[in-house]
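Multiple structures are listed underneath, in structure tokens.
Look at the two complexes coming up: chain A is in both, with chain B in one and chain C in the other.
Moving on to the complex of A and B:
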């Protein structure tokens, strides 16, 4: 059965490897993937360690349904204490590594210590080998994967790896696989770099038994039909997440020039339809029919002829709106370079735009930038800075430290211009007109983040009756819900519902585009009961899956509290409250977040979570979620 | 009425759901290495090509089999293996020019596409329609239609 996959503990200092079964009791509490990673982090990472020391623990996992007949069951999760925020480090990635790791016999890897020399791990049919990676060190994230395939003489080998950014301990280096897939956020690539861990490769030919194979096949077809028939999926099949940028930029919901504007004007060249002209097709992750990755070949300049995939919303934000550039070639090259080096595209764009604002304000001068002109919209500078960050050269060495540390180094008023939560930069969207989305970024467990709990469907003006149907299941909710995205009423519950939904989907290893994220009619808890049963034979009610999500999210809270998190961290930077958005449609223009109403939303959010007014889970909440004896050391 | 799997590599997104459902249909497990179809990838340049048995008219596997275990059905066009006769010499694997005859290392037997009892699951699950199940006499129609549309468009613009 798919549940017989193992957990392995690998100590890179002593080179000891220990393999264990994962007890069913643990499965019932955490399912797998992100949920079980949280458990492992809380149980294996000592409080207050330096995230870039050998004491940190790098975790890799496949969700419970990865590789099985659950649409887009491709997801791998990575975790560690974040070198960017000091709180939980946690990121999710598609591609083909997860299914290969499961066919190789493993669900979770807990990597401890630090290797003396660069190494990579090779998982193959129940065995793990620690192999020399000296020749891979210094190589980019695509070449690394190809070189591993050549060394092992097998093009079926799939790898997760770091690029030069991870080796250079850039605090927002990501974990990469395939051409563009990235476990982007919280800087886990730097943790791998600090351990001299270049890659983890897998090839496996072990069966993943499907408990009720024919039922699973038929049900998967039904789910796929449900997903591909949604209008949002049809758009995604052509444009990927670029379409969101087009729609929200025309409204005035795109963070522009750091946080000065909320709309990029004169943007014809970077509109999704214009970028679509560059696409030569789309590519999909394992088992996914949405295939949201655009395929392109750069047509102009130094990188002419280079193949890459994307760009997504975030790279368009990072290398166009944020930095005030309006050239699609800059977006395509920038997207290529962050993939090449293994950088989080979001954090990279945010750090560059922040530096540009400091330059505009005179906090950074040509003396600090070694003559580099950081004027808004300087395409050459943007590309140059990506290289400098990845290689930690000059100003890039400072920007590589992430929002808080870089502001500490530069000093003056520089922190004031940082748009971050818990030390991680905000997405390139502007949430001032949308309280639900603003609350989500403020409370997100891994720092500002839309993929922890964004109620994106709040932007669709759905009828309240329909909202009640979504948000009133699988646990009843009889509080208010409103169709207007500018309201504050009922939004805390929407954020919580999405947090638990996304946690659950990350435990299962299914992509968020296959649940209620961008489309309201997508599968959720009810459908997952059947997917779990047909594929694994385990019986879960929708409420039990909800509880797993709730437990996982609360465990993240416990980890953060142990690292010093309190209510003050669940906040937005001042411009959200003090500076109304200057541009956009009349529905959004002039909007900002009301401080008092935000406070009320936060109070309600804590209360609905069963947390006290400081955001600490109450004893009865912990007991209800069987978290009252953590760390419990079961694994 | 002979049918065949028609492949359009331009449409393939490389998601490998065909490999997944093929292994489940035949073996009740997910094991992409026990699939009868395989997406050959040049991943770093984004090129994907589904490879599967072509059900050849003069199939080398039929000709090479010393036990006459492989035969082609004259009605359906399907080339299939009679496992009662097969001795596992693997000559069929050696001679197949497409590498489409492969070896199931768990059940220790050769394996090839069998059209899933007339309902190929790879076709059913490929939303991108990169694999289609068509009558042999119809395999050129889509390409002809596409070319005709291009000619028509060109002719219309010239006449304007």
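Moving on to the complex of A and C:
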């Protein structure tokens, strides 16, 4: 069975390791991956701890279908209390580590305490070793993985690791695997760094038994047809996630110069089609047919000849639109450096763009920057600041603290220019013309977030009849839904549906690009019933999978509430409400979020979730989701 | 139950896929540009787009024709009584 993988508890202080089976009751409630990690986090992290203390817990998991015959079943999830926000820390990554971890015998790792010296864990056929990592400390994320393979004399070993940013406790350091795959958000790399945990490596030969192998293969063929025939997938095969730029920048939905503008005009060099000219091939994750990751070699400047992969859409925002740069070389070098150091590309770009606006406003001067010129579009400064953040040098040391703490240090009204939610920066998208997307970033459990509740297909002007088919399944919904992305009606339900869809797909360990995220005709709850049954033998209805997603998302809410979250945190910064977008098509130009309508959307969102007016899940909601006795300590 | 071959919404929708077209980002009209065209002006709303072909038969919008974009946007905003 694919479910017979274990959970392991590793205490880095005492070096004690304990393994257990995962009870079927827990499987049925949480499936695996992110959902079960939420349960573990709520049960193993005490309230109000310092996220960078030994009391925090680092969790790693593979989703229920990872390594099976389900398409794109590659995803690994990592969790901890976030050192960036103080709320839930959670991030998801593709590549090949998750399948290897399952083949090594494990589904979930709960890592506690703090090692005296740098260490890495090695998972191999049901066993776990704590190994010395002194020689890996100070090494970048790619070299770390290669050195582990050499040490273990096995090039098939797969690793998750941190780079120097995690070691230096940059609050938005990420976890990396392969050349560019990143569990990017919420700063879990810093949590690993605080524990002196450099990496987790895995190699296994324990077969993952498929319950109904022939049916699983046949059904996967159908799923593949469905996915690869979609225009969104065919475009991604050529351009990766950069493809999004064509529509968003053309319309005027791209955050530019730290939210001052909403379009990067006349910047053809950074368009995805221009970056595509630099690619020497594409790479994919385990079990995926799309291969959305570009491979490139930098052609110019100091980094000429350097190989890397990407860049993703987020790096295009980070090192082009947000900072006002229009050179693709800056995007490619910036992307390389965040991969190298193990930094969240999105947060890095956002922090640099914020510093540039402070410089423009005179809040930061050359005295504060040690002579560095932070003028918009200064390519050299952007690259220099990435180094400085990762190594915590000068101004970089302040920017490494993330939006809230950095603003506290700088003072002088600087917080006013931060574009964040719950202390986490926004994607380089401008949601002022799109109430659904604005609500999504305001309420998301991790902070401003485009991956945990974004109804991206809201931008596609889909017929209402079609929207009703998507958003009315697997639970009935007879409220309004509109094709116009500028409307406020019906949007709270779309956000909730997407939250639960994304939570469920993260429990399964399948890539989000293989569900209703960027393409409306992608697999979702109905298809997952078959994927689960053929691969694991477990029978679930679509509604039961929905409930798993709902339960997991509500558990994230409970974690956040325990850490002090309230309604005031589900909000947007003032420019969303006060500053109309100046550029773009007439359909968006002049748009901003109406405060009163936003409040109504938020009320509806809470009500539809079964939460009270303060955003706290009602007792009957908790009972319905079997969450009324948490923390229950079953694992 | 899960072995049933009733098609799901996503499975059914494969047949409805369109190729050779894109939607104008201003008026959402589905348009079919001439093969290999690098620019196309929407016949419904007049917006001009730069086009990129990700396969021989499949176009996408690369970006606006910038020199026309701002002027047209200002004109349309003025028509609507905006800035």
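Methods note: the second predicted complex is superposed on the first by the 635 of 635 C-alpha atoms of A that agree within 3 Å, B and C clash if a C-alpha of one lies under 4 Å from a C-alpha of the other, contacts with A are read in each partner's own complex, and residues count from 1 in each chain.
Quick note on the criterion: a residue touches a chain if its C-beta (ideal position, glycine included) is under 8 Å from a C-beta of that chain, and two chains touch if they have at least 3 such contacts.
Just so you know, these numbers come straight off a predicted model, no measurement behind them.
Pick one for A:464: touches chain B only (first), chain C only (second), both, or neither.
Neither chain B nor chain C is touched by A:464.
Given the touch rule stated above, what does A:207 touch, chain B (first), chain C (second), both, or neither?
A:207 sits against chain B, while chain C stays out of touch.
Which of the two partners, first being chain B and second being chain C, lies in contact with A:250: first, second, both, or neither?
Second partner only, chain C.
Per the contact definition in the header, classify A:50: touching chain B only (first), chain C only (second), both, or neither.
In the superposition, A:50 touches no partner, neither chain B nor chain C.
Applying the touch criterion given at the start, work out whether A:216 contacts chain B, chain C, both or neither, answering first, second, both or neither.
A:216 sits against chain B, while chain C stays out of touch.
Does the superposition put A:534 against chain B (first), chain C (second), both, or neither?
In the superposed model, A:534 contacts chain C only, not chain B.
Can you list the chain A residues touching chain C in their complex?
215, 222, 225-226, 229-231, 234-235, 238-239, 243, 246-247, 249-251, 265-266, 268, 271, 273, 461, 469-470, 473, 520-524, 526-527, 529-530, 532-534, 539, 584-587, 589-590
Under the touch definition given earlier, write down the residues of chain C that touch chain A in their complex.
1-3, 8-11, 13-14, 17-19, 23, 25-26, 28, 47, 49, 52, 54-55, 58, 60-64, 66, 69-70, 73, 76-77, 80, 82-83
In their complex, what parts of chain B are in touch with chain A?
10, 13-17, 20-21, 24-25, 27-34, 41, 43-46, 48, 105-106, 121, 124-125, 127-128
Any idea which chain A residues touch chain B in the complex?
Residues in contact with chain B: 67-69, 96, 99, 103, 142, 145-146, 155-156, 178-179, 205-210, 213-214, 216-217, 220-221, 224, 228, 280-289, 291, 295, 307, 309.
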